[in-house]
Amino acid sequence: MAEAVETLDGWYMLHDFRQVDWTAFKKASTEEREQAISELNHLMASWQDVEGEKQGSFGFYTVIGHKADLLFLNVRPTMEELTELETALNKTKMAEYFTQPYSYVSVVELSTYMAQGKDPETDPEIQARLKPILPKWNHVCFYPMDKRRQGDDNWYMMSKEERVKQMYQHGMTGRKYAGKVRQIITGSQGLDDWEWGVTLFAHDTLQFKKLIYEMRFDEVSARFADFGSFYIGHRKEREELERIMHV
Amino acid sequence: MAEAVETLDGWYMLHDFRQVDWTAFKKASTEEREQAISELNHLMASWQDVEGEKQGSFGFYTVIGHKADLLFLNVRPTMEELTELETALNKTKMAEYFTQPYSYVSVVELSTYMAQGKDPETDPEIQARLKPILPKWNHVCFYPMDKRRQGDDNWYMMSKEERVKQMYQHGMTGRKYAGKVRQIITGSQGLDDWEWGVTLFAHDTLQFKKLIYEMRFDEVSARFADFGSFYIGHRKEREELERIMHV
Amino acid sequence: MAEAVETLDGWYMLHDFRQVDWTAFKKASTEEREQAISELNHLMASWQDVEGEKQGSFGFYTVIGHKADLLFLNVRPTMEELTELETALNKTKMAEYFTQPYSYVSVVELSTYMAQGKDPETDPEIQARLKPILPKWNHVCFYPMDKRRQGDDNWYMMSKEERVKQMYQHGMTGRKYAGKVRQIITGSQGLDDWEWGVTLFAHDTLQFKKLIYEMRFDEVSARFADFGSFYIGHRKEREELERIMHV
Amino acid sequence: MAEAVETLDGWYMLHDFRQVDWTAFKKASTEEREQAISELNHLMASWQDVEGEKQGSFGFYTVIGHKADLLFLNVRPTMEELTELETALNKTKMAEYFTQPYSYVSVVELSTYMAQGKDPETDPEIQARLKPILPKWNHVCFYPMDKRRQGDDNWYMMSKEERVKQMYQHGMTGRKYAGKVRQIITGSQGLDDWEWGVTLFAHDTLQFKKLIYEMRFDEVSARFADFGSFYIGHRKEREELERIMHV
Amino acid sequence: MAEAVETLDGWYMLHDFRQVDWTAFKKASTEEREQAISELNHLMASWQDVEGEKQGSFGFYTVIGHKADLLFLNVRPTMEELTELETALNKTKMAEYFTQPYSYVSVVELSTYMAQGKDPETDPEIQARLKPILPKWNHVCFYPMDKRRQGDDNWYMMSKEERVKQMYQHGMTGRKYAGKVRQIITGSQGLDDWEWGVTLFAHDTLQFKKLIYEMRFDEVSARFADFGSFYIGHRKEREELERIMHV
């Protein structure tokens, strides 16, 4: 029986992906559309206020491709706050023109070896990572993943030493992208359908590809990583909502 | 040919997940909405009465994410009672605003080695576990699972001794979470698409993640567990229905 | 090249699963609903007549869970009769309130070693099994399955002797459930998406679970069985249709 | 690097499966329904004319089960002709009551060893097989398939000798069904989601099952064949369209 | 840890597949249809202008089968330009009659060994390949793919020498099709659900099949390639839009 990793756990994240039914939105009256935009604007403003009060964080993104059109990314101290703000969004006028093709619920996770000799409850760097304010970088990339448990490639049957070694090498690859890509790792065992969520931020979308491609040659990815779908979004200011929804 | 495990089987469970069509619900008249809420309230009250009479149990939960909005969890002595109460829910006014994205049917299952030296038909602890009253804890986590039968990782080809040993270690991991997580294991071979359902209850959602993550390093999970989707819900009183459905 | 098994083939079966659109059914007028019920009643009566004339068999079941609400199970000497009665059902008034989430087409199959020393064309027991009248037992369980062809677990690469031996042991497990579970095995290679369909009948739903669970420890299941979805239904008289559809 | 097989390639096939929305069709006026039937009748007549002119072939089939209701099977010298006739069907009145749950595009393929010592461009037998007129037999069976590339079971890593030997044995199994089953093999690497399509024709549906089941014991199927969905249809004359669509 | 390949990355591609709702389009008024065609025509003209200014490229294709009806293929220096032109298409009148069953986002990728001794920033051949103008050939074939990481067939665990050798052989197979098939390889690690997209162009659809089939015998495909769906389209001039959409 392999030794389990201990983790530090922080705030919860809800990646809430929405698709716009443009036909229905165009068929709505000008008043309905204005009301929908205004109401969603207020809801997003309230989420920004929570970030201002350091009780959470919020990001708004347009998403490329058929998988989604928009991403509302909220971070909160408890999962139930996320359930409630998801419901609040569902009840808005705008949600009458949205479907919700995907979502992901997870909790910020740090390995305890990051905390060596520090008190995670008070150390400011650890606290900042556990309770993250989303970077205001241009682009976001989200994907869920599992560590493989298949024949000879079974992550959870390896010794802790081997796992730590492989994760360390993996971290070294990531470190080359300092200043280019920032990442938030969230755990979702028992919370959603994959074991982890990975949320990357970059100024340039190409860095997502370069980082992921290079990492795939790390043994921990090559032998042990199974990936879900990849979603790419572009960060937008709340003030851009009206332009985005203009029809 | 490996020796089969004997089980004790108790009440049946139906996990009935529903999604709300908020647009249709908002388009209904105030009277229709009030009628829908009132009728569903009465149905849930009747399910609570069954729990009061110790003829079953009932839990009502809001669910996070795109997979579902609500979970109606009923426990009954026979499966057909569950089929009938599902149909009763389908026929309510409220169901006109629901879809049913998922459900799971299974039966409470205990291993017979739990019953050593006891008469399961009369032993109060065993009877209480076979005919469970759902804990009134804050959060619920449901997922279905299989024991793997793949190449060298074939649970059903192992000796009973090895299986019992691995399950015992697994139980030891679970025991660390006493007071934090309660679980109901249900069997569903021949009843639904996976072999088991696992329903966990906790005061704090983080304990779901901690338990599942730690257990994944047990050999029985690492080598032999295949998981379906994970659903997380928050327990609600029947009286909260009106607030939850308020638009 | 392994030696192929010879089979005796009998009547064809169509498992026709339907889901009720209760909202649409409630929105229909009383006259429309009565017409729909009466017309479906007549169609089912005609199917029962066919059973009376020993030209086929028919069963009607309510189904638990989100996968289906109703099962119409017809048995006929030719497949095209089944195609035609499926179309007849599709054209009824009631079908305007149905969707068809699943179906399965297969043909009753017996191994020839059952027929040793007998003439299958005239032997009454073999004829009764090839042209089955569906048991009037309380519950039905249907699932499709494949024999695995994967790495070292390749059923079709094993010698006939080994296959016969494993099937014999499997049959011994089944025999323990005589009087509790009856089964009809149908072949569907070339006819539908899995290799076989299994239709079980029981007085008590728990026997489905007990049989399937115990059989999973047989080598033929543990190493070689891949399963599709499981559907459970409860047998209903035609006269119950009105009550079932009452809204 | 294994030696690639050379193939002879003939006409293209489009298997175009349609589902009927009976509710919408019944709600149409008698005039609309008559117009829809008449227009589709004309389109099918034009496809038959093409067959008469030996510029292609056409078959019309009713399909059992939830996967489809109808199959329009067209054969043409170029793929783009198929794209255009599919669009022509899409634009008919009748298509307003159809959905298209599945389709398959592929090209008739013969192995070159069939052509030993013959000039495939002029040999009448080879030409007839490359440019097939669909048999007017009662039933059709379609399924797509891949040759497996998995661990030790990798078709494309085997020597050409071994592949030819296994295909020869497979052909011997097929030959037993001469007069009972006719087959058209089409290649679809680079054209659709599987590597081949198999279209079988029989007077008796049971022969599909017998052939496929017996072939599954050939090593080439047992170790190397991965199958998609199976679709079974019954051949209909164009004149039967009105009866088939009668509501 | 295997050595990662360095790549040169060029323009981004969005494969935007659309399905036509012909029923809705026919129900629109003549004015609405003309407006929809005219507006889409203008949008496509603007995309052609971008190609004229060498700031991107554009191709318009009809697609065979149930997977899609049309393909709008745009190439741009940045991903966000693609997100915006996708949204522009979504907002057109014509999009009210479209659904979007699939899309793919990726970036043109060249291996650096192609650039030996050259400055990729200025070399005209490399620049032309990184910033491709889509060939005006008759047919297009698109499919996404992964390099396999499974047991002993793990591309990312092989030495760089072995990978380069296999890719070289693979390139030799491709070279046989010079003048018959042109290809654009795009990378999508971190951008979409597969690792690469492959877009082929040909005068004759049969060459797609011949190329893909022959390549499947290369070790790099036989052991290491996993494929997604294949989509085939026929290149159309913008002026043909009216004919294509004529109902």
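Which chain is which? They are A, B, C, D and E, in the order written, and residues in each are numbered from 1.
Keep in mind that, in the parts below, a residue touches a chain if its C-beta (ideal position, glycine included) is under 8 Å from a C-beta of that chain, and two chains touch if they have at least 3 such contacts.
Every value quoted in this text rests on a predicted model; they were computed, and no experiment measured them.
Visitor: Count how many hops through touching chains it takes, at the least, to reach subunit E starting from subunit B.
Guide: Tracing touching chains, the least step count from subunit B to subunit E comes to 2.
Visitor: What angle, rounded to the nearest 5°, describes the rotation that places the Cα atoms of subunit A on subunit D?
Guide: Result for this pair is 145 degrees.
Visitor: Centroid of subunit B to centroid of subunit D, CA atoms only: how many Å?
Guide: It comes to 45 Å between the two C-alpha centres.
Visitor: Need the CA-centroid distance for the pair subunit B / subunit C, whole Å please.
Guide: 28
Visitor: Could you list which residues of subunit D touch at least two other chains?
Guide: Answer for subunit D, listing residues that touch two or more other chains: 150-151.
Visitor: Which residues of subunit A touch subunit B in their complex?
Guide: Where subunit A meets subunit B, its residues are 1-5, 7, 9, 12, 14, 16-17, 78-80, 82-83, 86-87, 90-91, 95-96, 100-105, 107, 149-151, 154, 156-157, 187-193, 195.
Visitor: Show me the residue ranges of subunit A that touch subunit E in the complex, using the header's touch definition.
Guide: Touch residues, subunit A against subunit E: 20, 22-23, 26, 62-67, 69, 139, 141, 143, 150-153, 169, 200, 205-206, 208-214, 216-219, 221-223, 229-230, 232, 234, 244, 247.
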